[in-house]
Amino acid sequence: MAWTRDQMAARAAKELKDGFYVNLGIGIPTLVSNYVPEDVDITLQSENGMLGVGPFPLDNQVDPDIINAGKQTVTEVKGTSYFSSADSFAMIRGGHIDLSILGAMEVAENGDLANWMIPGKMVKGMGGAMDLVAGVKKVIVTMEHVSKDGQSKLLKECTLPLTGRRVVDMVITEFGVFSIDKHGPGGVTLVQLADGVTVDEIKAKTKAALTIGPTVKA
Amino acid sequence: MANKVYKDAKAALDGLLRDDLMLMCGGFGLVGVPDKLIAAVRDSGVKGLTCVSNNAGIDGAGLGLLLETGQVKKMISSYVGENKTFAKLYLEGKLEIEFNPQGTLAERVRAGGAGIPAFYTKTGVGTQVAEGKETKTFDGEEYVMERGLFGDIALVKAWKGDKSGNLVFRKAARNFNPMMATAAKMCVAEVEELVEVGQLDPDHIHTPAVYVKRIFCGAPYDKKIEQRTIRKA
Amino acid sequence: MANKVYKDAKAALDGLLRDDLMLMCGGFGLVGVPDKLIAAVRDSGVKGLTCVSNNAGIDGAGLGLLLETGQVKKMISSYVGENKTFAKLYLEGKLEIEFNPQGTLAERVRAGGAGIPAFYTKTGVGTQVAEGKETKTFDGEEYVMERGLFGDIALVKAWKGDKSGNLVFRKAARNFNPMMATAAKMCVAEVEELVEVGQLDPDHIHTPAVYVKRIFCGAPYDKKIEQRTIRKA
Amino acid sequence: MAWTRDQMAARAAKELKDGFYVNLGIGIPTLVSNYVPEDVDITLQSENGMLGVGPFPLDNQVDPDIINAGKQTVTEVKGTSYFSSADSFAMIRGGHIDLSILGAMEVAENGDLANWMIPGKMVKGMGGAMDLVAGVKKVIVTMEHVSKDGQSKLLKECTLPLTGRRVVDMVITEFGVFSIDKHGPGGVTLVQLADGVTVDEIKAKTKAALTIGPTVKA
């Protein structure tokens, strides 16, 4: 069973609080904006220099000068502001953004994150990922639980070059929700099971030391 | 006032270009990129360039023009994933790349223009980015020292400019342009619309005239879209 | 959206004030000073305050209000020459002062808000300002390390603000306000005119809404002039 | 005889070049703007955050929000721009201002400058002076040649706390114009005599080692 990409996004959206300023990465994180609860109002930041990012434009609304960090055409909302990329990352690095949701290749039990390069393959660059994970108040990773070749992506230690050290607070995979004690010794705790998934299944597919949270039925 | 206005990109770059220069380029993706200036640099044939730019354009646009002709020796960028020529040159060992986290790159340029030789940031601590760099602990947390960047010529693109060099950017086309304008010995700006001095509201000016040494109107512009993403009505 | 709008200075500061806070105050001279907020801080009676502000107001205006009542323990400023109460308190040993060069002060505040714990500058090298601070040589020139500043509450004054917290400043009243807004756990803004969200042009906004947690309209304002200097027609 | 304050300002104005961006301190430096040559167009910067500072306003033009760094009411010109004080000092520190003219208490023969405090007296603060002398491309001091108690202000070494080390390029006093080799061993060179002043007079009133420039008739 497990969660679909949309279900993962919907679960991530439950972490949004009214008034939050949020930066969403590409992929599953982008889907999160489709599931913002009705009583919650959030403002999206795009690290190229835009606060208040609206939905994709209608065909006749496209403005080439309005793009998000994924270079996609987007729209303004009421209250949008633009600023330089230096000011944008001052905002990010200075801890003024409440939440960043992004993808990952690997997450370690101490919160280490790897999502920007694979040695031996062509490297495209880290873009703003290192700044986001270092600066934003809370970092949630949405990712597949295992890699295409069946390896756990939730590890004791990352094997790939790091994007950030002790930066991830929460991981959402198709199997469930995991919290990480990134500043302490607590490691990974399973806090919610996806529908139709068992704790044993997760244990079998997770290399990080795993604590089963009190709210989870084994 | 000493004249800053030139008739086109070629004229605006006259006498400035030579091999091995360090160019500071505004733009993010294909937005706010000084396309006319880049084309004029290509036409000049200078080579061995170091380009500080967040991205490397795509094939046929942006800094892609200078990559195709082999005029670039080194890029200092945060993300070059869109450019196929880039990958080919890099794998053939014909191009150096120094990856900087995007915020660190933006801040290094801002620092270079602001007379700040170095600053500390959390970004990249404990990663490859921090290797070989000094680190320092402040209030119990480790930071890495990053250096300011200052180049020979800044190439920027603005929406409106006045004849004294004041610039106004439009929407997300602002991006790296304001910092780049400050971080070189010489800044050349191309604008979509060149207006008389006094026609821009003093509270709306993003880049004050002091930074811009040469300016020209590059209209008309055919703005490219990298990822046309739309929704249905 | 979570409400940020309050009816006046007292309401906007409700629950925030206590003794020994570090306040970051916008303004230069008497221009762009958050007068209504400062008056409300005075009325609250909190004491032992550290105020980061370029100047210290004059007697009866600006931070002068908090000096007269003895609520300020320490000032971090670049110039306090206009305030007579200041001189008296200082000479009596009732007030600490840390002088920063104006540009260093502005940059320290900007750095604090931007997550930069320290940076290097030429300003003050070889002077009292550099005593006891680390120095470092870059490219053969000596620089002094200065730390970022980050306070408990930022008090800023803008011209226009919208209900989501976006701010626009007017002319030379911008001064220290944009940086101060970024450099505290809580930023409260007073504005001359409070407008609906969407009424400010996205390209004209000086301080994005993310920084401003509480906002109120302080009109009417009776703007004070410190040095009315005129010429004859 | 010697120069008046206005003559000193007029002499300083001859150092202005077309297209210069200039920061003027209070006192004699402010007078310099009255003597800008007709064929020279300069732009004045005020460090509180204004580029393009116009003359003092007429009585009915006064705007409380338009002040210079001396807190005086001023006016805009065509092309004026405003920016934050952080951006203003980025401009100054980054070397983008061509010339700063300011007053001094003492100048030493190596270019050291003292103009902000006298130990034992109430200190008002350095304002932007330290940033200006450290960052601006060329620094000219206009000052009285001797102090009120008759002491030379052009010294071998400053006795007062410094504003900047090796920062002054030129000194204009009522007795003449002096260039300073601030980065080298050259010291102070008299490059122009004020009307009715003799080299001997200057030598008698100058404690800095003085070279008489080739253009000066002894």
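Here the chain labels run A, B, C and D in written order, and each chain numbers its own residues starting at 1.
Note that a contact is a pair of C-beta atoms (placed from the backbone, for glycine too) under 8 Å apart; a residue touches a chain by one contact, two chains touch by 3 or more.
Owing to the predicted nature of the structure, the values given are computational and were not obtained by experimental measurement.
Engineer: Shortest hop count from subunit A to subunit D along touching chains?
Structural biologist: The least step count works out to 2.
Engineer: What is the touch distance from subunit B to subunit C, in steps?
Structural biologist: The distance in steps between these two chains is 1.
Engineer: Give the chain pair, either A-B or B-D, that is connected by more C-beta contacts.
Structural biologist: Between A-B and B-D, contacts are more numerous in A-B.
Engineer: Let me check something: if the centre of a chain is the mean of its CA atoms, which chain is farthest from subunit D?
Structural biologist: Chain centre farthest from subunit D's centre: A.
Engineer: Which whole number of Å gives the spacing of the CA centres of subunit A and subunit C?
Structural biologist: Taking the mean C-alpha position of each chain, the two centres sit 35 Å apart.
Engineer: Quick one: subunit C and subunit D, Cα centre-to-centre, how many Å?
Structural biologist: From the centre of subunit C to the centre of subunit D is 29 Å.
Engineer: Residues touching two or more other chains, restricted to subunit A: which are they?
Structural biologist: 76, 82-83, 89-90, 92-93, 135
Engineer: Hunt down the residues of subunit C that sit against at least two other chains at once, touch-wise.
Structural biologist: Answer for subunit C, listing residues that touch two or more other chains: 107, 110, 114-116, 121-122, 169-171, 174, 202-203.
Engineer: Chain pairs that touch, all of them, please.
Structural biologist: Chain-chain contacts present: A-B, A-C, B-C, B-D, C-D.
Engineer: Spell out the part of subunit C that touches subunit B in their complex, as residue ranges.
Structural biologist: For subunit C paired with subunit B, touching residues are 107, 111, 114-122, 136, 138-139, 141, 143, 147, 168-171, 174, 202-204.
Engineer: Inside the complex, what are the residues of subunit C that reach subunit A?
Structural biologist: 1-2, 110, 112-116, 162, 164, 166, 182, 197-198, 200, 202-203, 205, 208-211
Engineer: Residue numbers of subunit C touching subunit D in their complex, please.
Structural biologist: Contacts found on subunit C: 28-32, 54, 77-82, 87, 90-91, 97, 99, 101-104, 106-107, 109-110, 121-129, 169-179, 206, 223-233.
Engineer: Which residues, counting only subunit D, touch subunit C once they are in their complex?
Structural biologist: Of all residues in subunit D, those touching subunit C are 46-50, 55-59, 61-68, 70-74, 76, 82-86, 88-90, 92-93, 112, 122-131, 134-135, 161-166.
Engineer: Please give the residue numbers of subunit D that touch subunit B in the complex, ascending.
Structural biologist: Its residues touching subunit B are 18-19, 21, 41, 43, 45, 51-52, 76, 78-83, 89-97, 135.
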